[in-house]
Every structure is written in structure tokens, then in C-alpha cells.
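Each of the two complexes below includes chain A, the first together with chain B, the second together with chain C.
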Partner chain A sequence: MIEPIFLLEAAVNGILLSGVLALLALGLNLIFGVVDIVWIAYVDLVMVCMYLVYFLVMVYGWPLWLAGLGSLALGALLGLGVHLLIITPILGSAPVNQLLATGGLLFFLQSFATFLWTTDHKTVRLALPILEVGGMFLSFVRLIAFVISLLAMLGLWVFLRRTYIGTAIRAVSQDREAMALMGANPQYVYLVTSAIGGAMAGLAGALLVIQYSVHPFFGAAFGPLTFMICVLGGLGNMVGAFVAAVVMSEIISIGGVVISTEMGYVIAFVVFIVMMFVRPGGLLVRRG
Partner chain B sequence: MLELRGVTAGYGHFTALWDVTLRVEAGEAVAVVGPNGSGKTTLMRVISGLVAARAGDLVFEGDSLGGRKAHEVVRRGIAHVPEGRRVFPRLTVADNLRMGAFQPRARAAFAESLARVYDLFPVLRERERQPAGSLSGGEQQMLALGRALMSRPKLILLDEPSMGLAPVMVLRLFDLLRRVRAEGYTILVVEQNVRQVLRLVDRAYLLEVGRIRMEGRAAELSEQAFVRKAYVGL
Partner chain C sequence: MRAGRLAGAVLLALLVLGPFLPMGGMRQYVLHVLIQILVWSFIGGAWSLMGRFGLVSLGHGAFLGLGAYTVTLLWNAYGLTPWLGGVVAAALTIVVALVVAYPCSRFQVVGHYFALVTLAVGEVVRLLIIAERNWTGGSLGLSLRASPSDSLLAMQFADKRVFYYASLVLWLAGLWIWYRVDRSMAREAMEAIGEDETAAASVGIHVTRFKMGITMLSAGLTAIGGVAYAQYITYVNPDTLAGIGVSLRIVFAVVLGGMYSLLGPTVGTALTIALGEYLRVVFGLRLIGMAETIYGLLLIVFIIFLPAGIYGSLRDAVTRLARPARLAGGLS
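On to the complex of A and B.
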């Protein structure tokens, strides 16, 4: 029998993990909700941003927070670039072609990273303490990543609710043609959305590189999990993505302690498959 | 104010409008009536830039609208209230109206436009904080109309405003449209409710299988003649 304190520690760690995962899922969901195309290569953009932070900090000696801002900016630029170069030409294409195009970008980025930086795992070493809270051991880095993720999501929420363009982004995700009739240039709304989604990938990259080492196939490790969370939460549903991120990371974290790390993932994927039969529309199916 | 000259348009290999010529003068209300599938909605979509004309020209206040996208057409002063209302269901009533004033010129006059819309449709003020999807059909039609007015249009295109409304609501809606008219807006309306719409407008066109079949002043056109032509085909 496992001691309750370990389960509690696993549960808290699960919550901490869910922050960055939710951030990734929200970024992907935001873009999908507005542009109606799934960026298969989304987490590979995160991988590129992780390399940037690694080189800025470990090679050029930048402070981490500045490198993080650089990562945010690179993410936004990559988002704009992906929309202009890859998405714009295929906006009206069949969905399968859109999947192939963004999937092609995934292989391009993986090969490109392998070519430039080899398959070595690269790690940003941080001398940050392990916290002991009530007998539980928690990683300080994870706590910081969680808090920043929450703040970023809160910022996104305020942006989408309070600003003109943010409201327009929500409106486009509900009826893009009607929003064109309001005088909004769809391409402009898409570009703003892609830049924000990209910036979220950049931020997630900075928060991930301080917890995990980066390698060209990082996207393959986190990509499927991110898509699962999006689908489980209901594609395009922001609140659902957040709830799904918490559920999945709890399963992974608690399952990892109770059985083994690998089994934690196995259980998470099994739960996902079962849920797809039980609630194919996502955990929180939208009313109306 | 608006003139269509020999406009032909359609989707893919299908042609929905053939050589359509019509005119709307400033301050006028004009109706286009016709049975289902006669091309009325396509006509509206060509004017607002959602569908490109294949041939012919559209002129609005002396400038050609040919090749302009929907978001540019709104900026010229044409607001399109689409078929089925198309309000943003999960935005509040207030946010829907804000979106109506998206373009810079309209945004500058936001407060004034909003006061005007709330005067015309007081129910929208009461429902300000509610999601648009929770409104009744009639209220949604008012919201769609109010949202269009927020763009400070000169010409309003109305596509089947009475569609899907309860009979009592249809009468109220036409009363409201008369009030909108009285405010000095120019209106081009597409309707299946011939009886009601002929009482609202100055002139009307009959559209049939994508072609204009009849045209005349509403007062001179007997409803019967139109209805016979449109629905019985005599």
C-alpha cells in the first residue's frame, strides 16, 4: 500500500504539470477555433523555441527571463510565418491536404533540428531548490512554470474578453463569414491569432526547457499528449482544454507513482480512447 | 446609389444569377421577391462581396464594387443582414453590437450608434449581458439589424428578415423595419412574405430562376400579380 503522502505529492505534481500542458492545448485550440486548421507541427515549434532558450542561456549567457522573452518573440514570428507561408495557400483546401501540409512541416522541423543540432539531448541547468512542503517534495522549477502558465492563460482570457480584437477572435470562431460582414479582414484576424498561438508555444518552450532536455524529437513526445488534451476537452473549447489538461496530468502523475511512469501514460491513453467512445464531443460538450 | 449592370454570378459550375440589372436610389426601399431558389440570397451575397460576380458591374455611389471583398464593402457603407440572422451565439448582446462597429469609422461613433440602436430596440438594452444564442428568434433578428446599424451604413441589405418568425413577430418586425426606414436608411430587402414587403417598399423586382422578370412601383403592383407570377408561374 502506498502512503497517502506520496499520492498527495503525485497529485500536486500532476497539477503543476497540467499548467504547461494546458498552455500548449490552449494555443493549439485557439488557432484551430479561428482558422479551422490543426497545426500538427505545433509542439515542434515549441521544440525550436526550446533550442533558442538553450543557446541563449548556455552559449551566450543571457539571463533566463530575457531568453524566455526572446522565445516568446520567436514563437510569435514562427506563428506568423507558418500562417503566411503554409496555411494561407491551403485555407480552402480539403482537410486531408491541410493535415498533410502541417504534418510535412513537422518532419521538416525534426530533420532540420537533427541536421543543425544533432540528436543530442541538451539541458539548461538551473540550480533551483527542491521545496519541502508538509513532508512533500516539490520541484521549484515546476512551481514557477505552473504559475507563469496560469498567468499567461489569465492574460489570454482577459485579452479575449476585454479587447476589441480579442472579442473579434471569439466572434470569428463562431461565424467567420458574419465577422467579414462586420468589416473585419479575415486574414488580419488569422494573423493576430497565429501570432498569439505562436507566442504561447514560445512561452511554453521556455517553461519546458527548464524541466526537460530538448532534442529534435521533443515534439513527438509532447505532441500526441497535447492533441489528446485538445480533443478530450473538445476541439476549440478553451475551458474544456484546461479541464482535460488537469485530468490527463493527474492520471499520468498518480498512475506513475502507483504503478510506474510508463503505465501512467498507458492509463492516460486508455482513458482517452474510452472517453472518445463515451463522450466523443469532449469532456464538456458545449450546450446550444 | 446602388446599380447592378448585367451581373452574372454563381458557385462552381452552377450559375445562380443571370444578367441581373437593378437600381436602388438613395432614400428608397426596394424589394426583390421570388420563390425559393430564385437566386435572391446570391444577389445579396454578390452585393456585399461574399460572392464574386462573374460578369457585369456593381456601382455604389459612383465607384465600382467589382472584385471587392466583404470587409471592404462594409467600409463603403453597405451593411448585410444575412439570411438566418447569423448573430454570434456565444457573445453577449453588447459584444455582438460592438462587433458591428468593428471598422474604424464606425468605432469612432460607437457610443452614438449604440444609443440609437437601443432607442430603436429597447429589448436589446434589457438583454445586454445575455448571450445572443439565448434570445428568441425575433430578438435575434433585432440584434442582427442593430448590429448592422452599428456599422453606420448608408444602404442596408436584408435577407429574408421574417424567416422562421412567428406570425405575430413578423408583423412587429415589419413595423420595426418601417421605423428603420423612417430614420432615413436606404433598404434593399429580399423576402418571401410578398404581402408584407410590398407595404414596406417603394419599388419591387421579381426574381425568377436567376433572372429579373418584373419590376415596378409597389403601389401599382398588385400583390396578386406578383404572387401569381412568383409562385404559380402564370
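On to the complex of A and C.
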């Protein structure tokens, strides 16, 4: 029998993990909602940003916060690049082609990273303490990552609610055709959305590289989970994304301690499949 | 059409005679590549049975893995011949496919959502294989227990030519099934469903029944493809036979070739495998990852510039060239 304190520790770690996952799911959600294309390679962009932070901090000795900003910028650039070079030419293509074009990007990034940086796991080591709270050991790094994720989500919320372009983004995600009829330029909205989605990938990369080691297959490990949280949260629903992230990371975290890491993921994925049947619009949306 | 039929006959004759053509020391290697192309084309064809009707599955790795692992485990543990094991594997895979596909159809999970649900199914199978490492070998994979000598019962042969002809027959059978579906009433019904489910239902098409039927066929054939692959390679691994990687590879090959034509999946598979092999030979052990990098890059370029697939685009180009000529001939 597992001691309750371990379960509690796993639960708290699950919540801490959910912050970054929610951030990722939101970035993907934004793009999916606005451009209506699933970027299969989204978490591979995160992987590239993680490498950037690793090299800036460990090789060039940049302070972490500055490297994080660099990662944010790189993410935004990558987002723009993906949209201009890959998505724009195929906007009118069949959905399967759109899916596969970003799938090709997945293969490309994965193998190019293998080529440039080999399959070695690379870790950013931080001399930050492990907190002991009531017999539980919690990583201070994870706490920071969680708080920054929440702040970033709050920032995104304010941006989408309080700025003109934010309103345009929300409008496009609600009705793509009507937006063009109203005289808005969809390509501009798409570009801003892709840049923001990319920037969130960059920020998430900076927050992830201080918790996990980075390797070329990081995207393959976290990608499917991110898509599922994104869909479970419901399109354009920030609270939903957060709730979905908490549910999934709790299942993985507690399942990992009680049974095994793989079974934790299996249960989470099965929950996702079942929820797609029961609540296709997202966890917080009732069936219409 | 006459010329096309002639070309097909010549190609088939070449394929049948293939193993006996003089190839010097390259024979084993060429046969190996051809077997891979035939088996994966068969699997690609099975995928396209669903894909062409808008049921874009990213989880066919699940069916492949179920097929391959079932037959391997049954043979290793109980010595059950792969002939029976293959039937069990296909039946089991069909059941799993139905368990997923029925609610998908009932609750109208379509488009991106269908792709993501099937992706999850593929990952679940991969992770289950890894988690049950005590009897599946986990991520290290599992080798097929070798039979002491060549044996039809064990479906194990030292001579690659046997596998070559077996996969040729399998591939032809796959083409025949594809052709039959293409010429059937089910195709009309499925196309209507792919266009608009509600409209299809309103003219009396039983949406769920047709979807179940095509899913069962596609999943069962994919499982058989997995069995064939496992018997040939005699080694199964969760990362090469289940999960998102292999699922994407299948879809890539098919879309690259063109999923609306009989030979599309074969052309796409032949091209991706030949390209992969070529890049592997060129780069060898130097520049690890470079071959796959170019592969990924080419995939993106192909999908952007040849949206109808290579075979489809070629055929369109040929008909476009041929049509004005025929018109001119008719007028004179």
C-alpha cells in the first residue's frame, strides 16, 4: 500500500505540472480555434526553444530570465515562419493535407535536432532548493514555472479581452466567414495568432527545460497529451483548458505513482477518448 | 486505357519474374526493399479505404501493433500457427476497432476530432505494450521464436523469395479489395456520408452501418499487414509498429501517392521507402539524422506543391494533355 503522503505529493506535483500544460494547450487552442489547423508539430517547436534556453544558459552563460525572453522571441518567430511558409500555401487544401504538412514539420524538427544536437538528454541545472512542506518534497522550480504559467495565461486573457486585435482574434474563432465579410484581414489575424501561439510555445519551452531534460523526441513525448488537453478544454475556453490540464496531469501524476508511468498515460488517454464521446465540446460544455 | 492495361501487365510480369532477374550481389537487398514496399503498400491501401471517405485515422498503428503482437505472442507462448494466429489477430483488431468506431459514429466525432481520438487509441496501444513488459518485452521489443527449419506452418522461411511472392499475393489481394470497394454501392454511400452525414442519413443511407463496415475492413486488413510484417522481420517493437510515428508514416505515404486512386498508396509507399533507403545509403552512419531531416522536408514540399498526391497529379496532368488532342481529332 502506498502511503498517503506520497499520493498527496503526487497530487501537488500534478497541479504544478498542469500550469505549463495548460499554457501549451492554450497556445495550440488559439491556433486551432482561429486558423482551424492542428499543428501536429507544436510541441516540437517547444523542443527547439528548450534547446535555445539550454545553450544560452549553459554554454553562453546568459541569465535564465533573459534566455527565457529569447525563447519567447524565438517561439514567436517560429510561429510566424510556420504560418507563412507552411500553412499559408495550404490554407485551402483538404484537412488531411494540412495535418500532414505540419506532421512533415514534426519529422523535420525531430531529425534535424538529432542531427545538430544528437539524442543526448540535455539538462539545465539550477541551484534552487527543494521545499519541504509537511513531509512532502516539492520542487521550487516547478512552483515558479506554475506561477509564471498562470501569469502568462492571465496576460493572454487580458490581451484577448482588452485589445482590438484580441477582439478580432476571438471574432475569427467564432465565425471565420463573417469576419472576412466585415472587412477584417484574415491573414493579419492569422499571423498575430500564430506569433502568439509560437511565443507561448517559447515561454513553455523555457519553463519546461528547467524541469525536464530536453532531447529530440521531447515533442513526441508531450505532443499527444497537449492535443488532448487542448481539445478537452474546449475551443477558446481558458478555464476549460486549465481544468483539463489539471485533470490530465493529476491522472498521469497519481497513476504514475500508484501503477506505472505508462499506465498513468493510458488511463489519461482513455479518459480523453471517453470524454470525446460524452462531452465533445469540452469538459465544461454541456451537450447541446 | 489500352496502353494503361498493357503497362500494368508488363509491370506485373516484371514483379513476378523479379527474383529471377540478374541483380548480382544486390538480390537480397532489392528483394528486402520490394517486400517492404509491397507490405506497406497493402497497409497503406487498407488505411485509404477509410481515409478517402473523410475518416482520417491517425491510429492505424494501433491495428498494426495489435495484429503483429497478437500473432507473435500466440506463436511464442502457445506455438499457435500464424495462420490461425492471424485470424485471431484480425478478429481481435476488428473488435477493438468497433469499440472505438461505434461511439465515434454515434456521437458524430468527425474531422479533426476523429483524427485526435484515433491518435489517442494508437498511443494507448503503444503504451499498453510498453507497460505490459513482462510478456510483451516492453520497449525493447520481442523476437519471433525461430522454428528449427523452414516451415509453412510457422510461416518462417530462410529464402526471401518465398516472402516476396507471399507479399506480392497479399498486395494484389489488397488491390482487388480496394477495386471492389471502389466499384460498389458502398462507395457511393460512403462518399455521401463523407460529404454530409445528415444529408446522407436523410436519403436513407444507414450511416453507422456503412462506417462500421468500412472500419472493420480497414482495421482487419491493417492487422493482417501487421502479421505479414512481423512474420517477415521476425521482430516486433512498440515504436515501429504502434503509436503516432508509424501511423503518420502510413498516412504520409498514402497522401503522397494519392488516396483516391488504386495505385496511389503503392506509388506513395514505394517512393517514401525508396527515398528513405536512398538517403540511408547515401548518409550511412555519418551525419545521423540528416536522412530523416531531408525526408521530412521533402514531405512538406510534396504536400504543398502536389496536393492531389503524386499519382493523382500525374494522372491529372496526363488527362489534361490528352484531352485537347482528342478534341482536335474529333473536330477534323
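Some observations on this one:
Here is the rule we use: the second predicted complex is superposed on the first by the 278 of 288 C-alpha atoms of A that agree within 3 Å, B and C clash if a C-alpha of one lies under 4 Å from a C-alpha of the other, contacts with A are read in each partner's own complex, and residues count from 1 in each chain.
Heads up, the rule we're going with is that a contact is a pair of C-beta atoms (placed from the backbone, for glycine too) under 8 Å apart; a residue touches a chain by one contact, two chains touch by 3 or more.
What you are looking at is a predicted structure, and each value in this text was computed from that prediction instead of being measured.
In the superposed model, A:Met276 makes contact with chain C only, not with chain B.
Shared-chain residue A:Met182: touches chain B; no touch with chain C.
When both complexes are overlaid on chain A, the residue A:Gly155 reaches neither chain B nor chain C.
In the superposed three-chain model, the partner touching more residues of chain A is C, compared with the other of chain B and chain C.
Of the two partner chains placed by superposition, A:Pro63 touches none, neither chain B nor chain C. Touch criterion met: A:Ala171 reaches chain B, while chain C stays clear of it. Once the two complexes are laid over each other on the shared chain, residue contacts for A:Leu99 go to chain C alone; chain B is not touched.
For the contact definition in use here, the chain B contact set and the chain C contact set of chain A share no residue. On chain A, the positions that touch chain B within their shared complex are 164, 167-168, 170-171, 174-175, 177-186, 288. By the touch criterion given at the top, residues 48, 50, 69-71, 74-75, 79-80, 82, 86-91, 95, 98-100, 102-103, 106-107, 133-134, 147, 151 of chain B touch chain A in their complex. Only residues 32, 38, 40, 86, 89-90, 93-97, 99-101, 103-116, 118, 216, 220, 223-224, 227-228, 231, 260, 262-263, 265-266, 269-270, 272-273, 276-277, 280 of chain A touch chain C when the two sit together in their complex. Note for the complex: chain C touches chain A at residues 51, 56, 58, 100, 103-104, 106-109, 111-113, 115-117, 119-121, 123-124, 127-128, 130-131, 244-245, 248, 251-252, 255, 287-293, 295-297, 299-300, 303-304, 307.
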